[in-house]
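By written order: A, B, C, D and E. Residues from 1 in each chain.
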Amino acid sequence: MSEFAIDAQRLARRYGRRWALADVTFRVPPGSVVMVAGRNGSGKSTLLRVLATAIRPDNGNASIFGFDLVKQREDVRRAVALLSHYSYLYESLTAKENLQVTADHLGVSRDSIPALLDQVELGPRADDAVATFSAGMRKRLSFARVLMQKPRVVLLDEPYGQLDPPGFALVDEVVSALKARGTTVLMATHQLERGAQQSDLAIFLEEGRLQWSGKAAEAPLGATR
Amino acid sequence: MDYGNNRFPRTPYILIAIGVALFLTGSYFGLFVAPPERYMGEVQRIMYVHVPTAWNALLAITFALVCAIIFLFKGEFKWDARLEASIEVGCLLAFLLCCQGAIWAKPTWGVWWDWDPRLTTTAVLLFAFLGILTLRKFVDDPVKRGVWSSVATIIAYVDVPIVYFSVRWWNSLHQLQSSPETVSSQFYIPLRVNAFAILFLMTGFIMLRARLASLRLAQEVAPPPMLAEEVGETA
Amino acid sequence: MIGALRKELLLQWRTRTQFMAVFIFGATALLLFSFGVGPNAEILRQFSAGFLWLGLLLSSTLTLAESFHSEMENRALEGLLLLPADPRALYYGKALANWIQLTLLGWALVPVMVVLYDAGTNRLPSLLLIIALGAAGLSAPGTLYGAMTAQIRAKQTLLPLLLFPLIVPALLSSVKATSLVILGDPMHALGSWLMLLGAFDAIYWALCGLLYGRVVED
Amino acid sequence: MIGALRKELLLQWRTRTQFMAVFIFGATALLLFSFGVGPNAEILRQFSAGFLWLGLLLSSTLTLAESFHSEMENRALEGLLLLPADPRALYYGKALANWIQLTLLGWALVPVMVVLYDAGTNRLPSLLLIIALGAAGLSAPGTLYGAMTAQIRAKQTLLPLLLFPLIVPALLSSVKATSLVILGDPMHALGSWLMLLGAFDAIYWALCGLLYGRVVED
Amino acid sequence: MSEFAIDAQRLARRYGRRWALADVTFRVPPGSVVMVAGRNGSGKSTLLRVLATAIRPDNGNASIFGFDLVKQREDVRRAVALLSHYSYLYESLTAKENLQVTADHLGVSRDSIPALLDQVELGPRADDAVATFSAGMRKRLSFARVLMQKPRVVLLDEPYGQLDPPGFALVDEVVSALKARGTTVLMATHQLERGAQQSDLAIFLEEGRLQWSGKAAEAPLGATR
C-alpha cells in the first residue's frame, strides 16, 4: 500500500445533505505532480482539505505514504502541507512573525525565514502586518508557510489565484523544484493549460465524482470548457 | 454505524403505560391514603412527585454522562441520539422540579425561590444543560455536534457536584439549612411507587426521543449514493 | 507549549489597546451595577465582592472571544493543527495567556471597586491571590468553550451561555473569599475558600486540557 | 425603508436560534446577579428592576453585535451603500428590527425575573410598555454604535464601552419605572417616568438616524 | 469634462503611511473596456474602490460622467457597479434572497432574478445559503449582483479569479455584451493576455503610480512578467 504517495479509496464527504465529494478513488505514485480540475463547486477544495486532514472523510478512506488519514492523523500531517483558500495567517502579526509562529510550532529553526520571504518577494514588507497586505501578498505569504514545512506531499488549492504573472512563474518554478526533490504535488486549478504543462497526471472532478483521470498530457482540456 | 432500528417501537409505549399506571396508583396513595403532614398540611403531598422527579432528573443526566463518554470513545451515533434524548428529558424533569418546588416553596417558605444548595444546583444544572441543547441547535455537522455536546456534558456533569458543595459551603455561614425530616413509612410507599412510575415514564420518553433523534441522524449520516460504474485509477 | 504561549503573548501585545478597552468596559459595568442597586452605600459595600466578580466575568467573555477572533479570521488555528501542532500545547498556551490577561484585568479593577463601592481592604496580597485563582477558574473552561463557539455563528451569544453556568462554583468561592477579605473574616475561613478555589482550578485545567483536542478537530 | 426592514427580519429569521440563545443568556445573567448578591430574598426583590435592565442591556450588546456580524462578514453593508441605498433607510430598518427583538426579549425575561427574584406585579401591561420603551432607548443608539464598532477590531469590546454611558439616562428611567411597577407606586410617579423615557427615545431615534450616514461611510 | 466616462486627476489614497495609490491621472472615453494591470500590491483594487466611492481619495479627484467622486457621491453610485474582492453577500441568506435584497434596495423589480441566476449558472442552487457556496460560486453570485445594477460604468476586480474555464468564457461574453450596450468597463486582472484581448485600453500600475497607459493591443504584456 505504501508504494503510493496518495491512495484514496471511495473517499466521500458531505456538507449537510449535499455530497461535496462522493466515491472518489485514485492513486498517486510518489514524486508525481497531479492537476485536479473541475467546475466551480465540483469538490476540488473539499478533496484537498480531506487529504490534508483539515476535515474528516464521511465515507471511504485514504492513505498518504501508507499512513491512514483518520487513524494516523499526526503522521499524515507531518507528511502533508496544504495551501488552502484560507490563508492561515494572523492578521495582526507581521509577515515575519507569522512565519516565526509556524517555525516554532514545527520545531524548526527560524533562520530560513528571511530567505523564504525573499523567495516570495515579500522581503521589503517583512515587518508589515498581514492586515495591510493585498490579496496577492497574502497568497505569497501562505506559500512561504507551505514551503517551510518541507513536506513529502504538497496540496495546492488554486496556487495561481490572485498572483501576478511573475507570481505564476514563481509557482511554476517552485513546483518544478519540489518535483525535482521527489515531492508529490496535488494542485487544484482552473488554469488548465498552465497546470497541465506542470503536471504528470490529471484528475477531473464533476459534482464530487471522479470524471476522468489519466496522464496530464492526454487530459481533455477543452471538454470542460 | 448504527442508525437505530426501524421496527415499530413497542417497548417505550409499554414502559410509558406502566409508568402512567404506577403514577396513578402512587398519586392515589399520596393524595388520599397517606395522612396530611403535621406542619405543612396538604401542600406537602406535592412531595410525592417532587422527590421522585428529583431523583429521576439526576438519573437522566447521569445517563447523559454515560452516553457522552461512550460517544467520545466509540463515535457511534446511537449514543449521540441517546445523549440528546436524555439531556432533553433531564432538562424537562429539572424544569418540572423547579416548578413543583416553587409551588411548594411559596406556601412553605413564603417565597418562590431560595438559594439553598439543592435549588442552586438544580438551577445550574438546568441552565448548563439548556445551554448544551442550544449549542446543538447551532451545529449542523453531526459529528461536531456529537463531540461538542459530549465534551460539554462531561464538563457540566463534573460541575454540578462542585456547585452543590460550594453552595453548601457558601450558605453554611449565612443561614441554616432547612432540617431534613425523617420520612415515615406512610409517606414511603407512594414515594417509592411514584419514583418507579417516573422512572418508567422517563425511560419510555428517552427511548422514544432517542428514536426520533436517530431517525433524523440517519438522514444526516447516510452513506453516499455510490456510483455503479467502475471508477478510474491513476497509476 | 512555550512556542504557543509566546505566540499568544505576541498577539495580545499587538492588540493591547483591547486590554485597555476591556478594562474600561469592566469599570463601566461596575459603575452600572451601582446604578442598578441605587445609592445605598452600605449595601454597595456589602455586595462589592459580587459585583467585582460579575464585572470580571462579563469582561472575560470579551477577552476570550477576542482571543479566538484572531485564530478564526483566516483559520490560523486550523493552520497550526495541520503542521501538526499539539492541541494540548495550543490549549495550555492560550489558557495561560488568557489567565494572565484576566488576572491583570482583575487587579486593575480593584482600585475602581475600592473607589466606587468604598470597599477598601488591608489584606491586599490575599485579594490579589484570590483574583489570580478565580481568573484561573474562568480562563480554563473559558478557553475551551471559546474554541468551540468561535467555530459557529452567534459566537458572542453562545460563549457566555455555555460558560456562565459552569463558572458558578469558581465564582461563588471567589465572591465569598473576596468578601471575607473586604468585610472581615472573623472565623478565619479564607484559607479553606482558597483551597476550594485551588481545587476547582486543578480539576478544570486538567479536564479541559484533555478535551480540547476533540473540540478543535473536525 | 420597508425593503431594509424586510431584509433585517429575514436575516433575524434565518438566525432565529440566536434569539433563543440570547434569551437563555439573559436568563443566565439574571441567575448570576442573584449569586452576586447572595441569598437575600428581600434585597433581590428590591433590586429586581435594576437586574432585569442590566440583563437586558447585556443581552442587547449580543443582539447588536450579531446584527452587524452579517453585514461585515462579506462587507454586505458596503455593498448596499454602493447601490446606492439610503443610509437612513438602512438605519431605521435595522434599528426597528433590533427594537422588535429586544422588546420580545425583555418580555420573555419577565417571567424569569418573577420566579427568580419573587418580583411579581399586577400591572403587567404597564411593565410590558416600559420594556418596549426602554428597548427603543437601547436599540437606537445601539444600532449606531454597532455600525461604528463593527468596522474596527475589538468590536465586542468597544460597542458596550461606547454604548453604556450613553444608555444611562434611558436605563435609569426604565429601572425606576419598572421598580415602581413591581414595588408599588404610592405617589403615581409612573406616568412622568414614562414621559421621560418617551422623550429620550424620540431624541435618540431622530439624532442617531441623522448620524448613521456619517458613521458607515469611509 | 463630462465627455469622459472616467476622468481621474492625480488620484491618491494612503493606508497609514503607505500610499497605495499615488498621483494617478487617466481618462476613459465612454464605452471603452480598460484593463488595469500591475504587480501584487500595486494598487489596482485601491483604484477601483476609490472610483466606486467605497473609499475616499486622500488626494486628487475623479469624476464619473462628470459627477464628482466626493461631492456627487450618490450620482456616482447610481452610475457605477463594483465587483470587489469582497463578495457583498449575506452568508445566511440564499442566492435568490441575496439578489432580492439587492433588487429591493435598487428599487427594481425582482422578476429578473431567475434569469440572472441562470446566466451565472447558479439556477439549481438558488435556494441554498451562500454559506454553503464554493469560492467560484460566490464570485458568480457577486457577478449577478453587479449585472442587476445595470450600471453605466462597471468596475471588475479580478473577474476571472476563482472561476472555472466556462466561467472565464462567461465573463468574456458579459464584457462583450456590456461593451455592445455602450457600458464602460474597467477590469483589474492578472490574466494579461485574456484581459488585453477583451480590452481597448490598458493601464499599468506600479507601486501606486501609473506606469504605462495606452491601447491594449500595444501593451507591454511581457514587461511585467
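Here, contacts are C-beta pairs under 8 Å (C-beta built on N, C-alpha and C of every residue); 3 or more make two chains touch, one makes a residue touch a chain.
Small disclaimer: the values here were computed from a predicted structure and weren't measured.
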- Message: Hop distance check: subunit A to subunit C, minimum number of steps through touching chains?
- Response: 1
- Task: For copies subunit C and subunit D, work out whether under half or over half of the interface numbers are shared, and give different or same accordingly.
- Result: same
- Please state whether B-C or A-B has more C-beta contact pairs across its interface. B-C
- Query: Measuring from the mean C-alpha position of subunit A to the mean C-alpha position of subunit B, what distance in angstrom results?
  - Reply: 47
- Message: Could you work out how far the Cα centre of subunit B sits from that of subunit D, in whole Å?
- Response: 34
- Item | subunit B, residues touching no fewer than two other chains | 120, 124, 127, 131, 134, 138, 143
- Can you tell me which residues of subunit E touch two or more of the remaining chains? 92
- Multi-chain touching residues of subunit C, meaning two or more other chains, are 15, 153-154, 158, 161, 164-165, 168, 172, 218
- Item | Partner subunit A, residues of subunit C touching it in the complex | 3-4, 6-7, 10-11, 14-15, 70, 73-76, 78-85, 218
- Task: Spell out the residues on subunit B that touch subunit C in their complex, using ranges where they run on.
- Result: 72, 120, 124, 127-128, 131-132, 134-135, 138-139, 141, 143-144, 147-148, 150-152, 154-156, 158-159, 162-163, 165-167, 169-170, 173
- Name, in rising order, each residue of subunit B that touches subunit A in their complex. 140, 143, 219-221, 223-227, 231-235
- Interfacial residue positions of subunit D with respect to subunit C in the complex: 15, 17-18, 21-22, 24-25, 28-29, 31-33, 35-38, 43, 47, 50-51, 53-54, 57-58, 61-62, 65-66, 69, 153-154, 156-158, 160-161, 164-165, 168, 171-172, 175
- List of subunit A residues in touch with subunit B within their complex: 4, 10, 12, 14, 16-17, 19, 22-29, 34, 56, 58-59, 201, 203, 209-210, 212-214
